[in-house]
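Quick one: structure below, then a few questions.
Here the chain labels run A, B, C, D, E and F in written order, and each chain numbers its own residues starting at 1.
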Amino acid sequence: MSAASFAVKARANQPVVGYWVVLDSPVSTERVARLGYDYVALDAQHGLMGYSGWLHGLMAIDAAGSAGIVRVPSNSAASIGQALDAGAAGVIVPLVNNAEEAAAAVRAVRYPPHGLRSYGPMRSALRIGPVPSEANATVLCLAMIETPEGLENVKEICAVPGIDGVYIGPSDLCLAVGGKFPNDPDVSEEFDAALVAIREAAQAAGVIAAIHTASGEIARQRIAEGFTFVTVASDLTHLEIAAANHLSTARGE
Amino acid sequence: MSAASFAVKARANQPVVGYWVVLDSPVSTERVARLGYDYVALDAQHGLMGYSGWLHGLMAIDAAGSAGIVRVPSNSAASIGQALDAGAAGVIVPLVNNAEEAAAAVRAVRYPPHGLRSYGPMRSALRIGPVPSEANATVLCLAMIETPEGLENVKEICAVPGIDGVYIGPSDLCLAVGGKFPNDPDVSEEFDAALVAIREAAQAAGVIAAIHTASGEIARQRIAEGFTFVTVASDLTHLEIAAANHLSTARGE
Amino acid sequence: MSAASFAVKARANQPVVGYWVVLDSPVSTERVARLGYDYVALDAQHGLMGYSGWLHGLMAIDAAGSAGIVRVPSNSAASIGQALDAGAAGVIVPLVNNAEEAAAAVRAVRYPPHGLRSYGPMRSALRIGPVPSEANATVLCLAMIETPEGLENVKEICAVPGIDGVYIGPSDLCLAVGGKFPNDPDVSEEFDAALVAIREAAQAAGVIAAIHTASGEIARQRIAEGFTFVTVASDLTHLEIAAANHLSTARGE
Amino acid sequence: MSAASFAVKARANQPVVGYWVVLDSPVSTERVARLGYDYVALDAQHGLMGYSGWLHGLMAIDAAGSAGIVRVPSNSAASIGQALDAGAAGVIVPLVNNAEEAAAAVRAVRYPPHGLRSYGPMRSALRIGPVPSEANATVLCLAMIETPEGLENVKEICAVPGIDGVYIGPSDLCLAVGGKFPNDPDVSEEFDAALVAIREAAQAAGVIAAIHTASGEIARQRIAEGFTFVTVASDLTHLEIAAANHLSTARGE
Amino acid sequence: MSAASFAVKARANQPVVGYWVVLDSPVSTERVARLGYDYVALDAQHGLMGYSGWLHGLMAIDAAGSAGIVRVPSNSAASIGQALDAGAAGVIVPLVNNAEEAAAAVRAVRYPPHGLRSYGPMRSALRIGPVPSEANATVLCLAMIETPEGLENVKEICAVPGIDGVYIGPSDLCLAVGGKFPNDPDVSEEFDAALVAIREAAQAAGVIAAIHTASGEIARQRIAEGFTFVTVASDLTHLEIAAANHLSTARGE
Amino acid sequence: MSAASFAVKARANQPVVGYWVVLDSPVSTERVARLGYDYVALDAQHGLMGYSGWLHGLMAIDAAGSAGIVRVPSNSAASIGQALDAGAAGVIVPLVNNAEEAAAAVRAVRYPPHGLRSYGPMRSALRIGPVPSEANATVLCLAMIETPEGLENVKEICAVPGIDGVYIGPSDLCLAVGGKFPNDPDVSEEFDAALVAIREAAQAAGVIAAIHTASGEIARQRIAEGFTFVTVASDLTHLEIAAANHLSTARGE
């Protein structure tokens, strides 16, 4: 699906399901991207890839006909610009704490007069209109809610003009609500409450409620709860699980 | 397990289970190699990697503590030497048709006076004794049986001095017995008979009976049949299957 | 255009125009491939790329929607197989001297029972049917005529079953007819006669008459002469010419 | 020309003409750099390269005998330091808005006591004296004027000690003066006035007036206007134009 | 030695000796790391490597059984996180000027509740407990003292909770005390006094006194002075010296 | 020194001293190449580099102003052509057993009418005349003598037209004369006799007597014996030795 169609669908809050890539392995990224996922996200924060991984990964996703987005390493105008210039149809910005930081992310994503994105859409111009207003209209900007401050300020973040949605990072969010490790059962109530709070804030503001999940099963549950932008993660963990299962089976364990 | 221990175990016909890597993705290769597989094989024939993929893949396997082997692109002394110099504990040589070709593979694997391997164990010397006789004693040489001629000459191939075993490539072997595509049910009898013939030839000659499989379940079955060197393949297909299943589940299909 | 459509068009001797890439620069390859060329060829013989260049180049061409082919480094089954597994819609095989060598190229390109291609279409299966008969029907095999022997044996080469066409390498062919350097005016008659001979041999045999050219202008002339598969070469030289012209103009020279 | 000679020539306001590289393609960069350009600039902001692209690109330019400079991704001490350590003879710093930002760029470029550049000239020491005072004397620091604030503050920026010149980014500058897209004819007067203002500010301050252009023709015009540091851009666009023209010609369009 | 054992040894102020790598050359890094160095440090500030160099370098060090640490390009949470996620057992943070900056480094290194490190230990989880508290307990955070301000504030920096030690960068420190170049004899007294001041501040605070050296001989001297974390630098310079010596000898100079 | 000057000097049997690179590390290769070595050889047989290592290594050597040559992986026309097209000023061909194989190497190195090298000097044309006769006159072709057969046939090999010299590979040669490992003292007489035989054969034929050495000291001795083309090897071993010595010294061992 084209970047423009993907943006329309996502903003209309029709559920979209994506896949999360942390491997610098364009061949597998292309293969996964052909399966029918609405989008494929390259993780440039915790994923194991440098710039060439972003570039070849986006090319692989384009070859597969899905929409490629990038979780940038930080809320920096330079890295947001590089992801977009390389052809990303959107960015997921980590660790957004407040409206000011969300506004900075938006400025990095939008060209003037709506932002400060510098002009040089080297690869993105191939699929996303090189005219600034078209790019501004198409590219998605999602702010991650995963810190105590971000959770506290989620309504203000959702209200920032140009923010297309909020994206929950469950591992960091679990630590943010006091967990000792991701999925810490001791804070499951606080964690679930945080999910509801963020989702409702998004729904109230009319922006996308997005979230990361570990499996198709959890993804389905999140969609049922009202999230409309749900990513299944990740290539590395799924491959490890599959290989471990094959080994146990082979050995009759 | 060290290359020497792995060779001892494999030659003693204690069952070894390996994993097959076609992706140029050292991070996932390391991860899989830590799961307990006896060996991990890098596919330099059909896999999607060039020389740097071999090198970094072998380094990843060493970092994980498994034994790395390489399926070389062809029965060429140059590529066999490069795989071994890069640190492979063994090679799987494709498309061996007869005893003469098997002997050529052995010559490429062994240093003089048992072969013609050229001396320059740049990385392999780190783990496999740089003294030629030690390397000769340690490194495995497996000949693939997957062509009509190879099948016909399997006994002669097993009898070639220095051949450690024969390795069945099921896809090519299926075409070799007349299949129109891998796993063609129309030739399942011929295929099964070929498997038995190859395995029995190996057992009679006292060399390793090795085979490629698509899953832990098939691997287990092959071990039960008497194969002692069984590879589960591959990272790319397993990841694709996992990602497809997650998508179906997420969409409730 | 899909690989299958491209093969149909080329075999029907409808003129196809391609572009020749020697740079390991997937970004520019993608850009050029979007311009409307029927195919883009990656030069793995004289071009400046290793295996990762083939792979990313083919991915770039697929992302652009053109058909990617590879001029392999030599008439070797291993490298032909690797190009096809990486997703090439056809190969151009250099320095074919006689029918026997042409038949070897065909065997490397076709799966059994028509050839000896080993099965493992890792990336090519994404776009070219993984069933061997479909791949056999789709993938193009072009033999280069560029040596004295190849020129002498062109009719026999054109008659080899499975050869889709003959491809003239003008630089080597010029040396083959006695030139001291490519485009040596002292042998222009011999050179032109060789072109006619090769083209007529192809036409008589009903296979593709293909040729390399340095510009759109020469390409157009070759099409007018009856060639139906014409490549414009290359990214490196065209960029150099453009940069040289801009410099002269800037300096007012 | 050596980095030192290049700096002398540029600071003397003798016109220098450069070429702009956005491709991670050292082979073509070397080729272009041999044509006689006074300098070749690698674009690390909008260009399609990561760190290895900077490094190999600078090596290619050195092999060709031209002077290599880097447009850094942002006004960050870390990236400016990395470009210089990799051997750049100068940096072009994007999006400089005011004197304070210009001073920060200078500090990142100069060693103490004139700045805060950290010492470790790994590759640059090969050609630019490893003694800090020599490097300080040689390396160029150009501030880009391409935002509304930068335009407003251009005189103050030109007055910052250690700034060698101001470099106009026409695309961003066009948006800065209200254009809807680069070269927007609706703001051509404002754009031209901005060019004059920036050039005159530079001339008044005795620093270099530098500008980006799309062709040798525009470059020549800018030199005639009084700019003395003029870049022709870029490899990717020039190659695309050439390939498009060859295709039209080949098809007789 | 495992990361945990290394941290214990280093924090106990048992002398540890490391090696400094600036080359993106995993093969030589692995080789050096097998020699028995307690740790090997990859230089991501002045070294000649991008992200893939960090990743493959850390894999090489793990394959060799040493502890890998990274000198990050700057005191930025994003790059500290990427080094740790890639598997570093510690980071050396350059150019720390004061307690506030030291505290920022600590926050980037530690997960909540002791810091703000974002969770996603993609590769590091293989060897450093994925539970945040274990990683917090294991990973080393060293602040470089190499600027005038850092020198002035060294006691406050040593007192920052979570700082494991201070690491002297002699080249920058020499410039910081007024040297015209590294090892400037004119400031040797000031330089030596600075070393004593930093070491004593560390000893008084009970944190590691660490330093960079150019040779084993200087390293030994620094250990004798009381430094307990001493790095010998670097692969590039040592190779250059060796190659220069071999050339002189070969030529009888 | 230019490739042409280097060839003239080497063919005139003026002693030339080179350095041997097995690391894929262009930065260190450039550094070593600037020290004054007459040539730098990249090892594409036992060295740890693929095609991109050849290409970037040759670029680094050119940037340093030395002459780059390549020890190709095998006596194959394809790999010899690729090394030369990438800019090598000569090739060292391993494992040449007899005059026929030497003649094949020559054919791969020379353009028609003296050989069969295919025309496409993509990078080499930058420094070695693109006119075939000039390249033929400039590029060096050295045949390695390191097998029992090669030793036996050394006179015939030296007599092959177009062979510029013979190059001794001491490790393989030691095994060839019955050694159990390189430098095996049990065969030192046979080894020394072989060296004399090869050198005298070269001298009698008027071709270059070339040899590999482990140090400047041995290099000097070989020059004194009459060898005129002597390589010191290698970056990896020299770096390892240096790092080991620094560690011993640091620890006071």
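Assume a residue touches a chain if its C-beta (ideal position, glycine included) is under 8 Å from a C-beta of that chain, and two chains touch if they have at least 3 such contacts.
Remember, it's a predicted structure, so these values are computed and weren't measured experimentally.
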Numbering shared by both copies at the subunit B-subunit A contact, with half separating same from different: same
Farthest chain relative to subunit A (centres taken as mean CA coordinates): F
Of B-E and B-F, whichever chain pair has more C-beta contact pairs: B-F
Centre-to-centre distance between subunit E and subunit C (centres being mean Cα positions), rounded to whole Å: 52
Whole-Å gap between the CA centroids of subunit A and subunit E: 34
Approximate Å spacing (C-alpha centroids) for the pair subunit C, subunit D: 39
Subunit A residues counted as touching two or more neighbouring chains: 24, 27, 31, 48, 50-52, 55, 76, 122-123, 236
Which chain pairs touch, all of them: A-B, A-C, A-D, A-E, B-C, B-E, B-F, C-D, C-F, D-E, D-F, E-F
Subunit C-facing residues of subunit A, complex: 26-27, 30-31, 34, 55-56, 59-60, 62-63, 122-123, 126
Complex contacts: residues of subunit B adjacent to subunit C: 22, 24, 43, 45-52, 73-74, 76, 79, 94-95, 146-147, 169, 171-172, 175-176, 178, 180-182, 236
Complex interface listing, subunit D residues touching subunit C: 17, 19, 23-25, 27-28, 31-32, 35-37, 48, 215-217, 219-220, 223, 230, 232, 235-236, 238-252
Sites on subunit F touched by subunit C in the complex: 50-52, 55, 76-78, 81-82, 85-86, 111-113, 116, 118-123, 130-133
